[in-house]
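Below you'll find a set of structures to go through.
The same subunit A turns up in both complexes below, where it pairs with subunit B and then with subunit C.
What follows is the complex of A and B.
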């Protein structure tokens, strides 16, 4: 009979010992190790991201002069359009401020934005995160809204020294208050475990019974100011149908999100200029 | 003797025990077989009762609409923050251990500090484990409430009593931490409470009334109650129920069965401690049926606005079908203040204003001169009043040694029936009433149903309806009938009591030439309207008599009539004003009445308005106080139904 060799199960014993040790380690130590690990990895991600940018730069340099001149013109056109829109926005903002002053309305919550490059996408059935290349160095706060040209991206859930982790709107752990465009009544939007490479989806519930959606005329689900995190009117997705929910009181349905969410390169973090002080919100 | 015992199979002692074992084994096997194969159903039932729990979920109530499809009563979301206690069990245990440790240490220290002579027993006392368990639970739950309070800027707490009650009675249902969240608080909780948190946002419904005070008494409100025991299946499985909404007053009560939703259920498997383990089956609750009422919200709003802050009632009926187009009672209350529950302060405030009372049908009043129409009909049918009947009104009528006055101090002069109606001449009716006698008058009033409830689908219609007779006075007052009583009755005073709704049915009946109108709050279909039977009989007047009566009523709304303020260009209105004296609030007050219908050539709408004085200084008159309210209703009717009012309709 072969002699039992203890050294053969050494790896299993080591793993068991590690798990046992991890189990009894205090939560603060675990948290410290987790943050340290993220900070340790961050320079590699950031460096990779810069290298990607450099690669893009050299790829563009390889274009012919004619192509570059044409691209330059396109940029100039786009720039002038954006400048025009920026001026228009400023005029409208002034007009809104004037009307608010006349009507004695409370001022809207205002944000400054930080544009940040996406350095890593962590998308799977369990979680949907992206890492952006700005963190405490740009005063990114936890819980800040993250948006892109197509609407809501998600919310900052972890801020490191030079990076931040953003929970995507597609994540099952992401939930926000929303409303259908033109209807002030709040509903709940929540991400959903994603099936694979198809269009990202989420769910909407607590929709009033008189709201009707159809494939021909899908409803636009937008952010509401009520939750305090997002400015109002940002696109979340389209709702092609609604059906009675399990309570028999409200409707629920799927939300079709922007497919670009899965290939983001750049996002904007909205940083509240006057963060809500929860202790004093009921003050006049 | 051999060195070894030799075993013999036939040893009787061993055999005896062998058979005992065999018998016992057989008993066990048969018993097991019996329980497994024969009595299995019984044990399945017991297992089911022990391990399964049912949760009943009432369905939302149906909506109530006006006749044009405007929503009068709907459901709005009612948000609460809740926790399932099952999710907190680990925290309860952890908090409990912490508290127990601290308490033990405290008791030991207290024991050691105490002088030996004062110590009870030889060891420190044990903590009160049961009490500390509840304290631990309360601490954990309060922590979550504090988290909600921080996010929503509220200041809620929870009592141990509520927790104990929930544990004992509703363990499977979520424990409500914070109720009636505003949309703003709801949205903040959704965004700021992590998805994995035990705090969940529970969305239920509360009744919602888009028009607030409009038709408040008629629509009614609901009350959260435990469901009827009948809806709980009697299969022995323990059942938990969410509260359901039951109509307490108004249409909500009358049509409660129709509006109530179908109850859904969830069947849960529970663990030995009674916490939920897995969902076995469920049935989704269903919304109740919608109800389309006969009310026209535009007419209703016109009536409510016209009544304003005054105390009174206004009713408009469809002359042909008896459908109630408008039914307003003032003072009123905002139904939204009563949903999802009635705060004590609101209840007291409404009570103080006397606004709980539905003045259209819960209170009865002397109808005043509007009753003269009944007296006129009685007189004509009895042969007392005819085209040549004329009385000279000098402002007073002497009956024995009593003087009865007309409201025209210097009299109306010589008046016939039409002029008596136009000028509301009391002397004419004193004389005619005395001639025909109380028996004829009472019979006629009863023929028009003034001694019966109308049967409208609103609960609590008063039974204090008085059409006095000689017997009635003898039995109730304990005195004999005197001619003065007849004179008073003839002009709608004295003992007569009727509700505004009854007077509306009277004028609708007169407009149709019949004696009864059955008012309804349901919007009738064309077919139902065709098959309608109001249950009365023809009024019994000849064409000329009817023409004479109508002429008088039309002259009331003419340039010299008492209801001249009701005049509307292009619309022929027939009506009758009334001003009655009434004792209320410990003082003598005026009641102003107007009843009428239009258009005279093809009656479509019948209106009754009553405005009640609340102070002795209130000088109300039918024509000047109640009349303008009726006018506003007629004007809105023209606006909403120009064709029926005989007005040209824009293409």
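What follows is the complex of A and C.
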């Protein structure tokens, strides 16, 4: 009878032993491993991002003086407009504070804006994430809202020492409270599996029956202060059509998102100035 | 020797391949195209190294990929080790000195990785046509690119062996 050779099944034995060990090993060890490997990789991505910035710098240096003077003029015009807007905003903020004090309204959440460069985009059928070049070094908290010039970008899902991972609103795992502009009633926005080669889309649910949307006059879906993560009024997308949902009580429809979400270069992370203390809030 | 120095080189090459792939994916994000090129990472460790070195190389590669991608931690580590063990068991049947067998293996392993991540992360979207369309586009683009990338990657790994004056023949090379 041929002798059974253990070395022939050595790979399978080693695999079985490793699977058993992986199952037994505590979650903290796995978490430590993940963080260690992620932090080890981060410098390469941060360095790549800085190299991109350097490339942009040299590309701009190659522009002619006439182009730079023209660009400078445009910036000066934009600056004066923004200065005027800043003054107007300050006046309106003071007016709002005065009215809130008269009406004895509860205070709103205030945010600090931390602008961050996008280091990497990971957009596919399985996940829709971007990585930004700021992390614990800028006190970015997990769950913080992320926005850009076109509105809501997503939410921070992982914070490392120098980078953070942001889940985009296009991700099917992303869900938030929203409302239509000019209508305070809340609806639910959720990301969708993207079909690719087109405009990013999401879905809206629980819209009241009396809300009407059309291709000619699409509804603007904006963020609401419900949930506490996002400030109210930030653009999510446009809803060109609503139809009865599965329950028949509410309506549902597709949300057309900003195509710039797929090629973001810079975003702003909203860091709450006064984080909600759930223990104190829940206390009677 | 506890660890074949070639394992370190192969791990370095895998790190480079992942980095370049993610860099290209980041640039292609605007066109909704994603490349998934993990298959070639397992081929040479399974064909060239002794079991101990193969295991360490594939384990480190799996942990590296797991940390880089937002999949549940351990998915690629365990997936790579399972697929690697399968290839390692049958490595006597493959000729590693030419690119033909490694390329076929790379395509097979890459398809396995796509299947693995689809089953692990895509379950809630199985009813969505858009999801399957994007998985199809990703698979097609990845395997088309792999036709070019896999031979380059294997030649690059052989070149690394030669540059570092290491053995360019696989361990347990079958004598026919």
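Assume the second predicted complex is superposed on the first by the 256 of 284 C-alpha atoms of A that agree within 3 Å, B and C clash if a C-alpha of one lies under 4 Å from a C-alpha of the other, contacts with A are read in each partner's own complex, and residues count from 1 in each chain.
FYI, a residue touches a chain if its C-beta (ideal position, glycine included) is under 8 Å from a C-beta of that chain, and two chains touch if they have at least 3 such contacts.
Bear in mind that the values here come from a model prediction, so they are computed numbers and not experimental data.
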For A:112, select first, second, both or neither according to whether it touches subunit B, subunit C, the two together, or no partner.
-> neither
For A:188, is the partner it touches subunit B (first), subunit C (second), both, or none of the two (neither)?
-> first
Using the superposition on chain A described above, determine whether A:136 touches subunit B (first), subunit C (second), both, or neither.
-> neither
So which one touches more of the residues on subunit A, subunit B or subunit C?
-> C
State whether A:224 touches subunit B only (first), subunit C only (second), both chains, or neither.
-> first
Is A:79 contacted by the first partner subunit B, the second partner subunit C, both or neither?
-> neither
After superposition on the shared chain, which partner residues are touched by A:249: those of subunit B (first), subunit C (second), both, or neither?
-> first
Pick one for A:172: touches subunit B only (first), subunit C only (second), both, or neither.
-> both
Can you list the residues of subunit A that touch subunit B in one structure and subunit C in the other?
-> 172
What does subunit B use to touch subunit A in their complex?
-> 57, 59-60, 75, 77, 150-151, 153, 183-184, 186-188, 190-192, 194-196, 201, 203-205, 261, 264, 282, 284-287
Can you list the residues on subunit A that touch subunit C in the complex?
-> 9-12, 14-15, 18-19, 22, 30-31, 33-34, 36-38, 40-41, 44, 48, 120-127, 129, 157-158, 165, 172, 192-198, 262-263
In the complex of these two chains, what residues of subunit C are touching subunit A?
-> 19, 22-23, 25-26, 29-34, 36, 51, 55, 59, 63-64, 66-71, 73-74, 77-78, 81-82, 84-85, 88-89, 117-118, 121-122, 124-125, 128-131, 133-135, 137-138
Interface with subunit B, subunit A side, in the complex: residues 143, 172-177, 185-186, 188, 190, 206, 208-209, 224, 226-229, 244, 246-250, 278-279, 281-282
